[in-house]
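Each of the two complexes below includes subunit A, the first together with subunit B, the second together with subunit C.
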Partner chain A sequence: MVLVLALGDLHVPHRAPDLPAKFKSMLVPGKIQHIICTGNLCIKEVHDYLKTLCPDLHIARGEYDEETRYPETKTLTIGQFKLGLCHGHQVIPWGDLDSLAMLQRQLDVDILVTGHTHQFTAYKHEGGVVINPGSATGAYSSITYDVNPSFVLMDIDGLRVVVYVYELIDGEVKVDKIDFKKTTTTTAH
Partner chain B sequence: MVLERAEDEEKWLAEGIAAIQQNAFYMHRALDANNLREALKYSALMLSELRTSNLSPHKYYDLYMRAFGELRGLEMFFKDESRHGVSIVDLYELVQHAGNILPRLYLLCTVGSVYIKSKEAPAKDILKDLVEMCRGVQHPIRGLFLRSYLSQVSRDKLPDIGSEYEGDGDTVMDAVEFVLQNFTEMNKLWVRLQHQGPGRIREKREKERSELRDLVGKNLHVLSQIEGVDLEMYKETVLPGVLEQVVNCKDDLAQYYLMECLIQVFPDEYHLQTLEALLGSCSQLQPTVDVKMLLSQLMERLSNYAASSPDVLPEFLQVEAFAKLSSAIWKVVDAHAEMPVVGAISLYVSLLTFTLRVHPDRLDYVDQVLGACVNKLSGKPKLEDRRARKQIVALLSAPIEKYNDVVRALTLPNYPRVMEYLDSSTNKQMAMVIIQSIMKNNTCIKEADKVEVLFELIEGLVKDVDGIAVDELDEEDFNEEQNYVARLIHMPYNDDSEEMLKIMCAVQKHIMGGGPKRLPFTVPPLVFSALRLVRRLQSQDGEVVGEELPATPRKLFRLLSQIIEALSSVPSPELALRLYLQCAEAAGDCDLEPVAYEFFTQAFVLYEEEVADSKAQVTAIHLIIGSLQRMTVFGVENRDTLTHKATGYAAKLLKKPDQCRAVYACSHLFWVDDQKGIKDGERVLLCLKRALRIANAAQQMASVTRGSAGPVTLFVEILNKYLYLFEKGNPQITSSAIQSLVELIQNEMQSDSTTQDPASDTFFASTVRYIQYQKEKGGVMGEKYEPKKV
Partner chain C sequence: MLKSKLKIPDKTRKPFPDRLGSLVAGFDSRDGENGGSGAALEFGEELETIQPNGFGSDREFEEPDDGVEEECAQDEDAAGGAGGGEPDLRARQRPNTREGSGPVSVLEVIAADEKRSDVEHEISQEEINLEKLQRIATMGLPDEGGLRATSWKLLLGYLPPSRKLWEKELSENRLKYAKLKEDLLISPSEFARRKNLNSGPCETEAGSDVDGPLRRHQIAQEDHPLSLGKASVWNQYFENTEVAEQIDRDLQRTHPDMKFFSGETVISRRHREAMRNILLLFAKLNPAIRYVQGMNEVLAPIYYVFSTDPNEQNAANAEADSFSCFVRLLGDSVDHFCQQLDNSSVGILSTISRLSELLKTNDEELWRHLEFTTRVEPQFYAFRWITLLLTQEFSFQSILRIWDSLLGNPFGVQDMLLRVCCAMLLCVKSKLLRGDFIANLKLLQHYPDINIEHLLQVAMDLTPDTSSYRLSL
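Right, the complex of A and B next:
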């Protein structure tokens, strides 16, 4: 089993001072094999912190990121799955699943991870799965009201991925999980 | 000379030891034969070796210990009357006939010890006699060791409570008086050593004195171990006796050592109850004595005592410990005006630590200590001494660490005053300590006036002070500092909107003067803080009727405008553009159409005039389109103006592919999938067609400049858009249009002049699969897709 942490839109220090303490105590170095980050960290300190959690760090550029050289999109293969990463402000209408599905077809990936809306979603369509880990700090968003801090942990095992979503609601961490399965090794249908 | 002397000493010591051993041998022979006369003779000879003046204390001690060992045998002999036939009273008389005074007195003490044990006379009488007789030896080293001998042999024979020697007029008081007297005489001898010998070997004298000090100090140990010495007796007799000698001897070495001893040896409870006397004596010590060290030690002991159990805390209050300690300290600092500042401040640090331990809730005490520091520093230039600065940082950090609540420190009037005396780099260091404490403890700062004080304290981070330009700072350090300030801005919070508005105005006031290098860090957090407040106000109903205008979204937007405007001085157009768009969206949510329009105008102006970099333009235009697409507040005219502008700029991007993508993105401006959203099928189609034309042009340009047409990706993207809008039910998008597009792409892909691109091929393939999938879905979607032939 391979653990992949997906998170983003932290907006430190523009919109939030730091990750919630409860999340920080859960995210321990050495337990996670990959981190994919949807962007808008925004500063180097956050990058360095994520690097301490896991050296295999992938980041897509958010529109507020201090580091302008992060790529607009990124694809990587983990186990049997092809993953795509994009912040999402480039895909209009923002948060629209059909438009995101188009990006997914273009990148040719089983799992597309995007952010920007600060709202957790996990959506399965004929082309694959679209996951939005939300905002890890619960940062303000013009798109979503009442943002709760959230992040996603994916457990990739063969042709199956279990998506755990951790949300901080009223001071308590709530966990939910969703299962996805690939039918063949080429593309998910 | 010195080496010779050292060698000589070794020789003399060896000779002395040899002589002792020899005489001891004969003495033991006499003891075995029960020959008192001979025993006395040889013991006296043996003890005569201790009459030497040639040895340093260290060596004399060796000699002394030899003699001491041998005397134990003699003592046992004296004890057994059957062996020598002389009564102890007569024996006491007999030994006084010894020739020289030193041996005589050693023998007398030895007999005295036996005499006391025999109980034929009251212990106190014998002890008194002995301690008086020892006055006969006034040589410092010899006298000290003699009296030390007396102390050792009498130790277990003092008339203490519960001891067998108590009773009939023999009381603890007698024991105490005996020890005190011995102590006093020993101290006098010890001090006298300082003045012996020529001046140039003063250092040597001090070393010798240092070696001897424990002999004197031992008496205090003995006093502390007398069971019968309770607090009352300590207060009335022991302490006054000791302090009188300490003060009157006027010797700085003795004073320091003995005070230290006193503090260490007696229980803290006693010190607490005799604080006045102790502190009073401290102020009477020689000027060269390091009183601050003593006071610090005392306060540390008392602090630990306080920490040991909460039950003892009322005692501190009862004796007014703080008042006494603090006034003693002020006196010491005043009396030693020439003391370097670092000395005074380290005293204040000790006092503050004590205060925080013992009286944590007495903020007025804490403030007093800080006030003393302010007084000490006033009138002087900013601190240069590194150690002094360190001490001040320790002083200021102590309350923060203790309370874990910076807000408490903020309420201390003297706190900011102390900070004023710091040079700018230490001030910044302190400011960082404060901010880090807030972040670590998640301290909530609820009032605007506290926020004011806070920002004044961290002023060094927020603006240029002391004429030190920002450029001189290391960039990484500067960024770290400013990011801390940015994070700090999120911490002040109040549920009450009015107060929250005041807080934000306070923050704004302080950060606006930060200069172009700081604004990009501090403006965004303030903006988002304001936007959060706007959202909160949105959810509250109506307006509060009252005299003061309540905080309203409108007010906040005016404030926001001002704040973002400041970024033009940096200049930071891209950031400002993003923030204007955020405000526009928020204004739209509040139904404030003109305000939202104004924000969009500002964003467009920045785009037109300031965003020159083509890559930045691409992102910026997408942000504009994305925001505009979601806005529902605009009436037809305003919306038309804005969408027209957006589309126009989209088409004017530098690179054709960028143009194409921006233009098809604009198609979403005319089709909002919401019941009251705009649904202008024609304009949508216009956008898509325009995008197609641009894609075509891009293809052709590629053929001309590179010899082959570029990849078909753009066409596939446009196709996907067609499908999207087709599915949404746009009547202008027909099946046949899609059909032709599909065929177009297929042709292009098969054409020789097109560059092969696996990515586009896969994209097209998955698009085709999607169409297939939709067809097979059946239902409404299936019907729509039915005509498609792929």
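Right, the complex of A and C next:
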């Protein structure tokens, strides 16, 4: 039972001052085992804050990040799943499923987590899953101003993943979940 | 199990004040309680002329459990040979210079066999006479054949005295335990999955070949991992991780010298996991006390004895049996662990003062010396003795022997426990009288190895403290 937090596109301080208070009250240290962050934090303070939630932090570089040494893409294996991480501004057209699928095949992962569009999406596509956790602060994006703060928490348990989607709609936190199962095992390495 | 408290067991109906003198001299004129002790007593006397240090059973268990078999044999002959023909004072005053014993003699082996057959006979009855079993247990139970395991289960009341009910009781209890585990120790994801299965098959499972947006499902309000609500399964799970972590830490430190408990082998891991489940379950079922450091030590002998039962079915269910017996054993002393009750009449301080009174009744000189002259308050040493049922003071094998007596006492574990504690003080009386605060404290907190049979004998012969008897419990 591994809990993985996926979030990104916070754009602190340029576009948003901080995470919403309701999100912050829920995110306490000790519960989450990994954090994957799609990028655009943008400053070190946010990095430090995430580090306090969980020591295992993975970040991919977004175009506005002030830390230049984050990698463009990252892959990691958690349990039976291979996860891929990329900010998404490199994949054109932005948010296009087929292009993202191309990236997924390139990275050879089961779950691809990208951001940049600031909209939550979760798609099953050609044998893998593409998840976009949206913007955790609700910052405006290059595409739209109408953004709800959202992030994603994945509960990886064997071959099954339960994805909990946290969205702040009209000041209230709404939680949904998505279930999916992997059909074959991956070789551990 | 407690009959009228005023009944004084036969064993102590010897002249009281003289006992103290005889304790000091170390000579014990007690007759053996078992049959065949006459021969053994002569044997003891005979040996005493040859080995003035007292014979073989004197030898203390100074090394840890590497020599378990050897110690077993020693324990056997000590148990079987009429309490081990008493060491005299001279032997005790040279604490660590025990010579090696002579070879285990035929008579000792015979005595051990006799004891084993006594127990076997008793246990194999259709209706077991608990009193008789208690008496036998007080003399010490044999180590092999799973006899100790069965006896302990009977003495703790886990198994009913009527043999035909055993099957039923055991399977019922084991089933209950399994269900408890399932209800309380389940991980939240497992819980969520089961709920999912119950509330209808999931479409996404079936439609795994269909591409497209994944469907979002509603969830009950509190049912997500970050929920802070009290009723949430997840929240409770995370609250318990703290307790679980402490239990884990303590388990790592349980008996590090024994392969059974420590090390990274599959077996020891499995044992630790079983103990972890038991302690976690106990903590959850008793939110008032939860887990207190030291409970792992009380659990260890029980779990060890039950897992090393040669009967395979029993050994496989050791976890379930240990849980029930652990709960029963702690039933009397659970108040000792509750901090709020410290000063009340059932708390640890009251028990400690009962120990003090017992010492005063039996040996006022020593009591005075400890309380006033050297100011060694019983809290400093007796707290650990009492709450942990002496598991930290002696070697593992000795603990098993002492627990035989504790469980076999018709007046209950606590009563015998106080007696043994008092006996511990009496047995090192001369050193205590000579020492000051620091020396005494050091001595009592690192209790020296002594002959366990002698200790238990002294304990049984103590005058009970009648000044503060509670007629009703």
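By definition in this document, the second predicted complex is superposed on the first by the 183 of 189 C-alpha atoms of A that agree within 3 Å, B and C clash if a C-alpha of one lies under 4 Å from a C-alpha of the other, contacts with A are read in each partner's own complex, and residues count from 1 in each chain.
In this section, a residue touches a chain if its C-beta (ideal position, glycine included) is under 8 Å from a C-beta of that chain, and two chains touch if they have at least 3 such contacts.
Note that the coordinates shown come from a computational prediction; the quantities given were computed from them, not determined experimentally.
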Could you say whether A:94 touches subunit B, subunit C, both of them, or neither, answering first, second, both or neither?
first
Thinking of the overlay built on chain A, is A:143 touched by subunit B (first), by subunit C (second), by both, or by neither?
first
Mind working out whether A:105 is in touch with subunit B, subunit C, both or neither, as first, second, both or neither?
first
Based on the superposed arrangement, let me know which partner A:162 touches: subunit B (first), subunit C (second), both, or neither?
second
When the two structures are overlaid on chain A, which partner does A:86 contact: first (subunit B), second (subunit C), both, or neither?
neither
Which superposed partner A:126 touches (first subunit B, second subunit C, both, neither)
both
Looking at the overlay, what does A:16 touch: subunit B (first), subunit C (second), both, or neither?
first
Would you check which partner chain A:45 touches, where first means subunit B only, second means subunit C only, and both and neither mean what they say?
first
Touching partner for A:64 - first (subunit B), second (subunit C), both, neither
first
Where on subunit A do subunit B and subunit C both make contact?
126
Under the touch definition given earlier, write down the residues of subunit B that touch subunit A in their complex.
439, 442, 479-480, 483, 486-491, 521, 524-525, 528, 531-532, 535, 578, 582, 585-586, 589, 619, 622-623, 625-627, 629-630, 665, 668, 672-673, 713, 716-717, 720-721, 724, 727, 759, 762-763, 766-767, 769-770, 773
Would you pull the subunit A residues touching subunit B in the complex into a rising list?
11-18, 21, 43-45, 63-64, 89-90, 92-94, 98-99, 101-102, 105-106, 108, 126-127, 139-140, 142-143, 145, 187, 189
Which subunit C residues qualify as touching subunit A in the complex?
187-190, 192-193, 196, 202, 204-205, 208, 210-219, 223-228, 238, 241
Which part of subunit A faces subunit C closely enough to touch in the complex?
1, 3, 25-28, 30-31, 121-126, 129, 153, 155, 157, 160, 162-166, 175-181, 183
